[in-house]
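A, B, C, D and E label the chains in the order they appear, each numbered from 1.
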Amino acid sequence: MVLARVVGTVVSSHKSQKIEGIKFLLLEKIDPATMKGKGDFIVSMDSVGAGLGEIVFYVSGSSARYTDVTEGKPSDSAVIAIVDYIEKDGVYTYEKNK
Amino acid sequence: MVLARVVGTVVSSHKSQKIEGIKFLLLEKIDPATMKGKGDFIVSMDSVGAGLGEIVFYVSGSSARYTDVTEGKPSDSAVIAIVDYIEKDGVYTYEKNK
Amino acid sequence: MVLARVVGTVVSSHKSQKIEGIKFLLLEKIDPATMKGKGDFIVSMDSVGAGLGEIVFYVSGSSARYTDVTEGKPSDSAVIAIVDYIEKDGVYTYEKNK
Amino acid sequence: MVLARVVGTVVSSHKSQKIEGIKFLLLEKIDPATMKGKGDFIVSMDSVGAGLGEIVFYVSGSSARYTDVTEGKPSDSAVIAIVDYIEKDGVYTYEKNK
Amino acid sequence: MVLARVVGTVVSSHKSQKIEGIKFLLLEKIDPATMKGKGDFIVSMDSVGAGLGEIVFYVSGSSARYTDVTEGKPSDSAVIAIVDYIEKDGVYTYEKNK
């Protein structure tokens, strides 16, 4: 899975019927050592109710179809967790409520 | 899923029988922060009737077989949505009808 | 799918039994804007009888097993189309018979 | 599979129900020639009880669902082995107990 | 599939039960135009008895489970062929017995 920040949303009225009702989040991948954005963006289907600015991780590939929201749907990326904290080499590089 | 602009088409008369009748779009990946093309191209099967110049997102991998058009076919990329707008950090970086 | 030029072949006498009789093409990925090779090579299983110098596109991942030639085989890349022409922004960047 | 060092953990209280109880390791990919970190990080599900600082390899894609811990779950990366040693060109570049 | 040279082995005594008895090869990807290593390494499961120094190609993704050795196992890379020769633009860039 890959760590990213929710930076926005993508809206489409003309799309595959199978993905009606799904929220498309715009994610920016982050470097967990610095928590800075990498300028690398992806569109991911939300399965956990993630909000703008939150740090999440998403799953790619066929496993993106293994959430309750995306089962059987043409998805290659789904947000599956909102991150509380990241610990690297014994130090917290990210704490949600700080 | 990945954001891209439809920049053209690819035509083949000699191909796998399974992909007869499918439209092959030439896509250029874009940076949603600047909306500029990245000079990185992919051939994607159209499942939504996307036209030249439109901003779309496509699905990769096995999920590219999960559209009505590509089911059971040797596809690793399918356009599944025409984008209306992209909102990043509270600002619209793209609006289709503007 | 990805555009590439057939630049050669790879021959193996000692291999998985399942891939006996399949032709392994050496492909060089191309930039469809300039039609130049990118110096990035891949070995792909031929499902359409592509020849040296031809522009093709290949499918990657599990979908590479969805051709008549590669079904049930350990393949992650299969050539599925010989390209006739590529149109980008209203201009032909490639025409086979020219 | 890809070689990496366990550099930390990622904790999430709000996540897909399917991944409750799984430990999320933060891995840094390494260069096995120098054993140095590449500054490239991934979140991987632990299936072997790997600890901080250990060299492991992980499996990506659909095969990340083929461990006892991750079966049927939305996982695209699972640690499947703790490495004892790496031999490259006849020389040990890594030995765990040294 | 991707061309690589067998440069070593990776040994693990603590691993997923499913991959007991499999040989883990350390591969370095090569550029088939120059036959030089790219400094990019991967761990691959051997299905053909490849030896140190040999040029091989491996299959990635779910198809890495389609060899006799790796069926049903958490594998995302399997060596499926030992290369005899590579012909590029009418010239042999590699011949095994030379």
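Convention: contacts are C-beta pairs under 8 Å (C-beta built on N, C-alpha and C of every residue); 3 or more make two chains touch, one makes a residue touch a chain.
Being a predicted model, the structure only gives us computed values, none of them experimental.
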#### Entry: If a chain touches chain C and chain D alike, it appears here
E
### Query
Steps needed, at minimum, to get from chain D to chain E via touching chains?
1
### Message
Report the inter-centroid distance (CA atoms only) between chain A and chain C in whole Å.
### Response
33
### Chain centre separation in whole Å, for chain C relative to chain B (CA means)
20
### Query
So which stretches of chain A touch two or more other chains?
60-62, 64
### Summary
In ring order, starting from chain C and passing to chain E next, we get C, E, D, A, B
### Query
Which of the residues in chain D end up touching chain E in this complex?
1-3, 31-33, 47-49, 57, 59-64, 66-68, 78, 80-90, 93
### Task
Would you mind writing out the residues of chain C in touch with chain E in their complex?
7-19, 24, 26, 39, 41-45, 52, 60-62, 64-65, 72-77
